[in-house]
Amino acid sequence: MKVQLEKTYAMPAPAQLAWALLQDIEGVAGCMPGAKITERVDDTHYKGTVAVKLGPANLSFRGEIEVRALDAGTHSLRLFAKGTDSTGGSAASMDLTARVEPVDAASCNLTGTSEVSMSGKAATFGGRVMGPVADQILNQFAANFSARVQAMQAQSAAAASGASASAAQGLPAAPEAKPLNGLALMWAVIKGWLRSLFGIKGA
Amino acid sequence: MGDLSDLKEREDKLQGMGTSLLRKEDAKFIRGQGTYIDDIKLPGMLFGAIVRSPYAHARIKGIDKSKALASPGVVAVLTADDLKPVNLHWMPTVGADVQAVLADKKVHFQLQEVAMVLATDRYAAYDGAALVEVDYEELPAIVDPKKSMDKDAVIIREDIADKKEVGHGPRTHPNHIFTWEAGNKDAADAAFKSAEVTVREEILNPRVHPCPLETCGCVASFNKATGYLTLHVTTQIPHLLRTVLAMLSGVAESKIRVIGGDIGGGFGNKVPIYPGYVVATVASIVTGVPIKWIESRIDNISTTGFARDYHCTGELAADKNGRIKGLRFTALADHGAFNSHVSASKLPAGLFSICTGSYAIPNAYARVDAVYTNKAPGGVAYRCSLRVTEAIYLIERMMDVLAQKIGVDKAEVRRRNFVQAEQFPYTTSLGWTLDSGAYHTALDKVLKAVDYEGLRREQAAKRADPNSPTLMGIGISTFTEIVGAGPTKVCDILGIGLFDSCEIRVHPTGGVIARLGTMTQGQGHATTYAQIIATELGLPASDIVVEEGDTDKAPYGAGTWGSRSTPVSGAATAVAARKIKDKAKKIAAHLLEVGEGDLEWEIDRFKVKGNPSQAKTMKEICMVSHTGNIPAGMEQGLNAVAYYDPPNLTFPFGAYLCVLDVDKFTGGISVRRFYALDDCGTRINPMVIEGQIHGGLTEAFAVAMGQQIPFDDNGNHLGNSLVDYFLPTAMETPTWETDHTVTPCPHHPLGAKGVAESPHVGGIPCFSNAVIDAFAHLGVTHMDMPHNAFRVWQKLNELGVNKRSARRG
Amino acid sequence: MANMHKVSFKLNGKPVEADVEARELLIYTLRERLAHTGPHIGCETSHCGACTVDVDGMSVKSCTMLAVQCDGSEVLTIEGFEQGGVLHALQQAFHEEHGLQCGYCTPGMITRAYRLLKENPNPSEQEIRYGIAGNLCRCTGYQNIVKAVQSAAKKLAAAQTAAA
Amino acid sequence: MIPAGFDYHAPRSVADAVRLLGSLGPDAKLLAGGHSLLPMMKLRFAQPSALIDLGKIPDLRGIAQAGNEIRIGAMTTEHDLLQSKLLADKVPLLIEGVGQIADPQVRYRGTIGGDICHGDPANDHPALMLALGASFVLTGPKGERVVHVDGHFLGLYATQAQPDEILTQIRIPIPAAGSGWSYSKFKRKTGDFATAAAAVQLQMKGATVAKVAIALTNVGSTPIKANQAEQFLLGKAIDEASLAEASRLAMAACAPTHCMRGSPDYKTAMAGEMTRRALQTAHSRAKP
């Protein structure tokens, strides 16, 4: 059970800042809904957990992340993450390439290309929900990422001439890992659509 | 004395062969008093839960038991490493291969057995299983057998990568198992070269599962003091299982007792020997306490006893009138990760060579190539004999393809190719000798019963009407089955011939106990065997007890599968009864002071010819046989045992016809009528036969219309629970019309043939032929099973049949 | 460790008690603690109906109900059908119409049919098929089961009028 | 196939249930009929710390008429609905839909509230509620609020109900006398979710459509209201042309995913076909 995803998000910050954040794996993981780095093995190997929650369903994966490439030239990062869920019945892996492309001095695009592969029970029973869920995860990731780059921007502005190279230090703590919340996410994802249909009832 | 009403009364009292005697086995089942495997509870028993792989193909880098061992109630966690000391982490298969009992370094298919957690109860065991941490390194999986033998294909079985052969001739690729051939290829090729007409189709028999309502399981109990091993187990082959256990465990076969108990349906799923049985047995030997292992439904569909997965090509060569001159059938067989396919040693492709069916085909060639994939092993015969459904499906489909090609009616093309009644015994070009048959009679009776011409007229009218919301299909199947394995000269498993047995003991007051090597799973053996003995010995069936499945009590036999019970054990029963009858006759002659030649048999007694008042009833003889008043030199008692090695298999046949309607817009199919005529020779219990046919047809309907075990590219199951796997309910299941002719088997002591599988083997092609016939006028010659609405709709959509005419109403 | 609960209910008319974990399924309590092995486990996803029992006048799949939910209930299983050595009309009819083969679905099937006939004493064939659609049988093809339910319905109706 | 451990609570009143829900936190789940939740728990996809069983709250069961609406307690079972003369008389669409849910045993246990709260677009009640224009009473710590079905379903397993709220009652406006109805459901087998299904409530004025509601099951991440098809049909006669266009518009609103039931194309086509058939049946039942 594989899904390919390619998404581009506009980031209201200079490419340098976004790239700086992208190089900070803990920081990146911090933007992943429900994800947490539990151990830094070395510069390119980490251990962590991801919790995915959807209605009554709740899967928590533990596994490893390997940084396969970090290319300053193209501002791109390639990660490979894999793990098994707490009951051992399911497994997942993700091959992710994230790239930062400057748009102008103040903004850039974050493009993520990933192939998510599922095995076990989750693949057998989750087929019907997998597309939407992966979508939600990426959207919230982008939202968190954007929030953090903006925070960095504020900070580096404050620190007068901030050296983007060192901008990765002293970041605000990654938002504490909350499991992906189906309700909040779906709400975010389809709010616009709902508004067009029914006004903003229930918002 | 002797008048007709008296004869009838005595006859009726026996309730012997030919009567629809109500089943003896029902009494416990209707009260909920059956003893199925999960009903068995022994003191101190532990429950074993199996840890399974989420990956279809992966290396095991490590297994961490610590969390599981710390879980409440968990007693032990067994892995391959724990079985190594006793050398039971791998086990030999009937396919001359080996199979991992618990995954050793690698998992080869999704949900493969990796570890067993032993705990004080089922809940604790499953909690523990969820806590066993296995570190995997995923490998690419091969799911499509057509890719197994690619040059760059990943090697599935590293453990035998350099093995030159797996039982059946040279391997041409590390993922190749064997290639089997039958018939004369040159003669067949020549027939195709000179043929006026040839047809060819690629036809799939998808991977399915017998899915009995009870899953597999066992309770293994080893007594350390006595060294005696008792295995309660869901098995169709208790005696062969005992022998294999002795070979595996080193425990003397005399100290192993296998007990079949009540079985909640088998349909082939309970023939193989599964890792769960072996781990539970080893665990009991090691711990000295009883171990229960019960499969979940998902594990059942995913890992034990799949069937089919034959990717076939059918070719027929014929003259322009449809008379067949040559046949070439080949199959690529997906055997999964280990070759534990159930088959007789000399028949790696089972009885696939019955694929000439009911037809006189002068030149034929068949070939099967078996390969490994990252799927579960253990291919079984799902309510059929070994690979017979695959063979008959192919020939019955191809008869339709040929008929469409030459524009001859599908019933007529069959008539033109049938083996003629006077040709029997008829030896096919692939080497089987069909003992008897009356194919024309059967087909004509069915066509008349359903008004075949009328149906074809109605179909023509529907086809002419563009506004008809449905397509009408008429399917025919005139199959010949091959059951009752089998003659030991052709059929053995692990060297043991597939004979079977019956031991009969007659008690002084006329009560009888009979014990057999077979194993009922609902077929009604306790009733039908008793009826055979009742007729043979003139003692009432009500006083005859039948026992099976306990290897300490029953004589050795190959068990119940492949519709072999009546053909083999039924024969053994008759032979044993006749031994007793011969002795009884001597005693009667002695008592009546006449020669044996002066006696004649009448229902329940021997009487003196011409002096009917002079007679001895069997009941009287039973008592006398236990006294001193028997012929000099004769031993007391009326007991006999018979081991029956059948001279040939039996060849039941039938003619089926199905009428159905396809909804043009949804692809949904509704079966309007299904008429099944079966000929199984002598009919022992018509009620039981009818019941077997209803069940077989229903399983055929399930296979044709919906069953399939689907996988994604990673080898993940996509439908391995009853959420998706199709078991029809009373709502979906059609109503069955049954009929019969009787053509006795010339070589069976009772003239009987097997029957339970005919409706499955003959039913599947009948459904498919009906579905495809609905599309025949649109040029469609084949559609693969299952014919579920989605797949049928895709064809409707492709042909544009589902478009409504844009007329404004 | 999940907390334990004491549940007490009437099983085939007799009061019973069991100490169970909250997560314990009714089928497990009946089979493992109360030695009623008539109802069986066939699928675990509440499709097959082999575990069907009657709880407070409802046909229930006991693999999808918690034992704790039955506290104070009236539970009927196949073991409760035979009264004073006399088989229930449904048990008799399943035997006479050859409505069973391996017997594994039979307890659930009969228990379901019992409630069906309580609610609809004279069902048509279609109503019977619809009424037992929650119970799978792999052996019989249902035809004789339908016959058995029809024949039991007649017997019960006759008994009714006789009693009246 | 055994659930992980959890605590069990069986409150006797809605107030107690709300209190428990608040105190036990987000890992506690409400238990209704259990035929969606328990299988998920047996597969250990769901491992709630506690279950709050609503089955012992008598106030949550029952069917009654209040003015122009029918009020149904959230814990009323499908079987109760099927037995209701009141519903058969006033809201026959609901009866026709419920009769096609799962199997008899599931209908004895399954509840209308549970079916709605699960937020699964494959369930039948969500679309039925859309077609009937129902409202839901949600009870939480701050008391009750009534939300309309439109917009209630946010996505897969996601509804407007907040984590601390309980659906306590369903309110269905009684359709105008003489209106027609149909729930056309296409499924693989008994007990299966719909491949696609259409719920239609139709009111004719003479030969033309005065009012129509069309809702679709299992062809998107939520149940779908076929607004454009509805708009189109207003004032039109039900004939081949309008049926074709209405089902085309209904199909345009579908966004199903692939599963064993079929491809998105197929499910969309079935949604169109079920829409057509439901409209035809509803039309045949409607009085002009």
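Think of it as A, B, C and D in the order they're written, each chain with its own count starting at 1.
Here is the rule we go by: a contact is a pair of C-beta atoms (placed from the backbone, for glycine too) under 8 Å apart; a residue touches a chain by one contact, two chains touch by 3 or more.
Everything numeric here is computed off the predicted structure, so don't read it as measured data.
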Chain-chain pair with the highest tally of contacting C-beta pairs: B-C
Centroid distance [mean C-alpha coordinates] between chain D and chain B, Å: 44
Centroid distance [mean C-alpha coordinates] between chain B and chain A, Å: 53
Chain centre separation in whole Å, for chain D relative to chain C (CA means): 29
Between chain D and chain A, distance of the C-alpha-averaged centres to the nearest whole Å: 34
Of all residues in chain A, the ones touching two or more other chains: 87, 89, 121, 125, 127
Interface hub residues of chain B, defined as touching at least two other chains: 122-123, 130, 296-298, 718-719, 723, 729, 731
Of all residues in chain C, the ones touching two or more other chains: 1, 21, 23, 44-45, 47, 130, 132-134
Complete list of chain pairs which touch one another: A-B, A-D, B-C, B-D, C-D
Complex contacts: residues of chain B adjacent to chain A: 51-52, 54-56, 110, 129-130, 132-134, 136, 138, 712-714, 716-720, 723
Complex contacts: residues of chain D adjacent to chain B: 1-2, 4-5, 44, 103, 186, 188-192, 195, 239-241, 244, 260-263, 265-266, 269-270, 273
Chain D-facing residues of chain A, complex: 54-59, 87, 89, 121, 125, 127-129, 131-132, 182-183, 185-187, 189-190, 194, 197-198, 201-202
List of chain C residues in touch with chain D within their complex: 1-3, 5, 21-23, 25, 44-47, 49, 52, 58-61, 64-66, 68-69, 112, 116, 130-134
Complex interface listing, chain B residues touching chain C: 22-23, 25-34, 36, 38-39, 41, 72, 121-123, 211-215, 262-265, 267, 296-298, 521-524, 687-688, 690-692, 694-695, 697-699, 721-723, 727, 729-731, 733, 735-736
